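First, the structure itself, so that you have it in front of you.
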Amino acid sequence: MQDLYRELILDHSRKPRHFGCLEDATHTADGINALCGDRLTLYVQVDDHGLIRRSSFDGSGCAISVASASLMTAAITGLHVTRAASCIDEIAARLTEGAASTGVSPELEKLVALDGVRRYPGRVKCATLAWRTLQAALNNAGTPATTE
Amino acid sequence: MIARAEMVNAHHWRADFPALDQSVHGNPLIYLDSAASAQQPASVIDTVARYQREDHSNVHRGVHTLSHRATEAYEGARDKIAGFINANSRTEIVLTSGTTESINLVAQSFCRPRLQPGDTIVISHLEHHANIVPWQLVCEQTGAELAVAPIDERGEIDVEAMLALIDDKTFLVGISHVANALGTICPVERIIEHARAREIPVLVDGAQAVPHMQVDVQALDCDFYAFSGHKMFGPTGTGVLWGREDLLDTMPPWQGGGDMILEVTFDRTTWNELPYKFEAGTPNISGVIGLGAAIDYLRDIGMQNVAAYENDVHDYMVAELAKVDGIRLVGEARRKASVQSFLLDDIHSHDVGTILDHQGVAIRTGHHCAMPVMQYFGIPGTARASLALYNNREDIDRLVAALQKAREIFA
Amino acid sequence: MIARAEMVNAHHWRADFPALDQSVHGNPLIYLDSAASAQQPASVIDTVARYQREDHSNVHRGVHTLSHRATEAYEGARDKIAGFINANSRTEIVLTSGTTESINLVAQSFCRPRLQPGDTIVISHLEHHANIVPWQLVCEQTGAELAVAPIDERGEIDVEAMLALIDDKTFLVGISHVANALGTICPVERIIEHARAREIPVLVDGAQAVPHMQVDVQALDCDFYAFSGHKMFGPTGTGVLWGREDLLDTMPPWQGGGDMILEVTFDRTTWNELPYKFEAGTPNISGVIGLGAAIDYLRDIGMQNVAAYENDVHDYMVAELAKVDGIRLVGEARRKASVQSFLLDDIHSHDVGTILDHQGVAIRTGHHCAMPVMQYFGIPGTARASLALYNNREDIDRLVAALQKAREIFA
Amino acid sequence: MQDLYRELILDHSRKPRHFGCLEDATHTADGINALCGDRLTLYVQVDDHGLIRRSSFDGSGCAISVASASLMTAAITGLHVTRAASCIDEIAARLTEGAASTGVSPELEKLVALDGVRRYPGRVKCATLAWRTLQAALNNAGTPATTE
């Protein structure tokens, strides 16, 4: 079990960073994981140059989805939105296809802590929820992101 | 107290269920998720397979031998179902794909043509989505309103409040016999008596009752009773709507197609008699035959024995869980059956579920298709352990040990 | 011409079906009733039994291992179905209990909310009751009208007349791909092309097509395609509605309950995304997994091979039956598949059926849920022999011999 | 097969007696056998003393149901309606429960030709259709009798 609930994950799930609402967000989206009832709202503030200045989230979820959201908001701060979009793909591939345990973009270094999820296929959706929600927020989609 | 002989029998019952004889993540499987779907005894699995190997054909309209055998077995299962819940007649047993379809059938065929704006459908705050959403849909279609009786901290329905909601505007009352998220046994008898006096029909959602206790629809004196095969050790895709014949008689068909008609012309189509009027198309023949085998299995044991045995394990489960440090039991009704929901420290129930699974203990986590119950308690979900006749006290010990381990990991 | 290799394979196919290996009334069973319901290969029977013995649990909302396995297998079957009919996406595959439910779903969810008095639903005179009665019901509910394209003595649709019925008042066209009573292959491509040009949606009832030929819903370019598991070697209680995503998106739910919602509150309930919006309650998990195994079986053989082989046996059947003294073939369309209806002298078809059964030959008799077809021919019913990939020319010889015997008895 | 299709049955099915509509019937009913599409209309003329003066039937059906109707209309002529009602029960018991191969009421003697049906359970409904329809006619039921 320790491969799933690593110290970093437990730490981020207990004390999520960037937790709360961001008043001056330019992009927001809701994410729902019907499986375990996780719900989160993601707030992203993008400046005129397309750079993510700040992001935050609130809602409730399991340790994996909260830690993932917490790690994500830290990771994407300062990135350009197109770079963030490619991070979404990288994480999705990493977690679902079990791709490339070796080699990760520097921005996503800490996300390696989520690698254990691969061995718990039922939990992959928890780990990807925040990222799907980011995708929805950046696309300004009106409907909540889901993990089905 | 449970007699020793029954305890011994219970060991034997467990051995009847092949799926329980396996390891998960290197630990013997402890299946505590029967409220979601129960395992099947070998007799059910084998009956279905044998039917497919020897007797399968379409039912009702065939003259050849296989068709005759299939029809006999299929209609024989209907007789067994009628006997099992003490229906007045086999014509009152409508075969559906599950509790959900049974309730939608009543909403659409019984209620929709007659509901007026301002009429109410009264339900409780404890219901499964299957006993909420069909009524929401038909209310939206007709302008009727849903009236919801409140519950209390124990997870019991406030009966007085519910009775007060049942007035001349009430068209139908829908109530679960046993609530799936919390295990509350609802006071259906009182509600039915009250409604009967006002000539208001009552639908009982019996999905969580039929596997665990003797159900007698005539003694209950309700008007509709809905349940699912897969929760009572039968196949998925099977269900029953029992309805009082005089009510079923007045209802228009639910779906159109083969078998539910006597005659089709482009000018005028006449419906078949009960129960076939409500059974359009090729039914789930093998599933229903499997359900018949599940009923044989339960009758052989006797529902009294099932209930007595399960109550013992249930009470042990509640007592042992209550001793776990950091646990909060959700649902502490005075009359309960087969289910216990809980929260552990501030560990999300999904994480609890994963850690238990890793130790071979299968429980369900989340909202259990009863979001309003969760909203009432202000929580996103619970962890839920649910029992069937194949569980025993050792299973509970394993559950408790697995919960201790979860606390260690999240310490 | 069929290559020798395929003939040999066909022998092998037959051995895959355990139910065919038995005697009826002391004679080897010849099963010529697959249009009513097909037999299952051992791989399907075993897949279902194995699932129940090892992997069963409820799907979608569980975190434990069995639930995960069940969900993977169930959703994996959906992927297989999507591939088998070349759907654009798995979200277009709505799992139902059969063709009948699939068509009722479209009638109630797609048509009912939008149909206006005076609108028409256009069907043909060849349809199965499942493609008639749901439209009659929704027409009665909305004041729309059913317009029925005529057929001719061969049992072919008068296409020009059908195209002429499709006008600006037409809301939807419903047409069978292969007609079940007569085996007519209907000119769906032409009808779809005509309707598409007028932006009128077309539902194709594919119950009798999918088991016998390659179906590609994108190539067909229809809007809805409905079929049943049990006619394509899968379990009863399973069916499919394929629908174009943009149409499914606009439709309200069909039934209410668990799984079809994202969120339930008493104020506002939000629907789940496709296809789950249309799948309320616990689905027929084992049945759908069995259907997945049936598709594996068919894909391994290849639908091209199935069609080529069956066409050969079909043509042989038609030719041999035509030679029987006193026979009248009913349904002699130029394009036909897998079915031949007939009358023998003035012997009632029910009596023909009994006499054949006595010789081990299983055929279906009666109206075949297509009463309007019988009304057109002015007969109460027919005897119908129908084929699947496990039949061969010897079966036809046995059928013919049994018919001779019937003539002797009634001579 | 000859136990089912006895000469008497084949004869009555080829040349049904009392076939056709009875203009001055006091009781009529329709019978439908959904299984094989048999449909018959039964006409019965009952006098003031409750005696069945005449009866006839029309419609179409299989050999068994036509022969059964033909034999029945012959058998019930002259009976009191209460006696006819007890004949219905006797025949139903004889055909479905396989009861009493020995012993049959004198009025029903010829009906013994239907005994073979017992070994063809799928055909029992054909043999009983006429009798169920008689029951409906005597009860003046408005809905067609069926054999389900």
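Just so it is clear, A, B, C and D label the chains in written order, and each chain counts residues from 1 on its own.
Definition applied: a contact is a pair of C-beta atoms (placed from the backbone, for glycine too) under 8 Å apart; a residue touches a chain by one contact, two chains touch by 3 or more.
As the structure is a prediction and not an experimental result, all values here were calculated from the model.
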| item | value |
| --- | --- |
| Intersection of contact partners for chain A and chain B | C |
| Contact-richer chain pair (by C-beta pairs counted) among C-D and B-D | C-D |
| Where chain C and chain D are represented by their mean Cα positions, the distance between them in whole Å | 38 |
| Chain centre separation in whole Å, for chain D relative to chain A (CA means) | 77 |
| Centroid spacing, where centroids are CA-atom means, of chain A and chain C in whole angstrom | 45 |
| Multi-partner residues of chain A (at least 2 other chains) | 35-36, 122-123 |
| Touching two or more other chains - residue numbers and ranges from chain C | 61-64, 67, 263, 350, 353-354, 357, 365-366 |
| Arrangement of touching chains [line / ring / star / complete / other] | other |
| Which pairs of chains touch, using the document's own definition | A-B, A-C, B-C, B-D, C-D |
| Contact footprint of chain B on chain A as seen in their complex | 1-2, 4-5, 10, 35-39, 60-64, 66, 120, 122-123, 126 |
| Touching residues (chain side chain B, partner chain A) in the complex | 347-351, 353-355, 357-358, 365-367, 374, 380-381, 409-410 |
| Residues of chain B defined as touching chain D within the complex | 60-64, 67-68, 72, 262-263, 272-273, 276 |
| Chain A residues touching chain C - in the complex, by the definition given at the top | 32, 34-36, 121-123, 144, 146, 148 |
| For the chain B and chain C complex, residues of the former touching the latter | 18-19, 22, 24-25, 29, 31, 33, 36-37, 39-40, 42, 44-46, 48-49, 52-58, 61-67, 97-101, 103-104, 107, 128-130, 132-137, 146, 148, 228, 230, 235-238, 253, 255-261, 263-266, 269, 280-287, 350, 353-354, 356-357, 361-366, 368-369, 371-372, 375 |
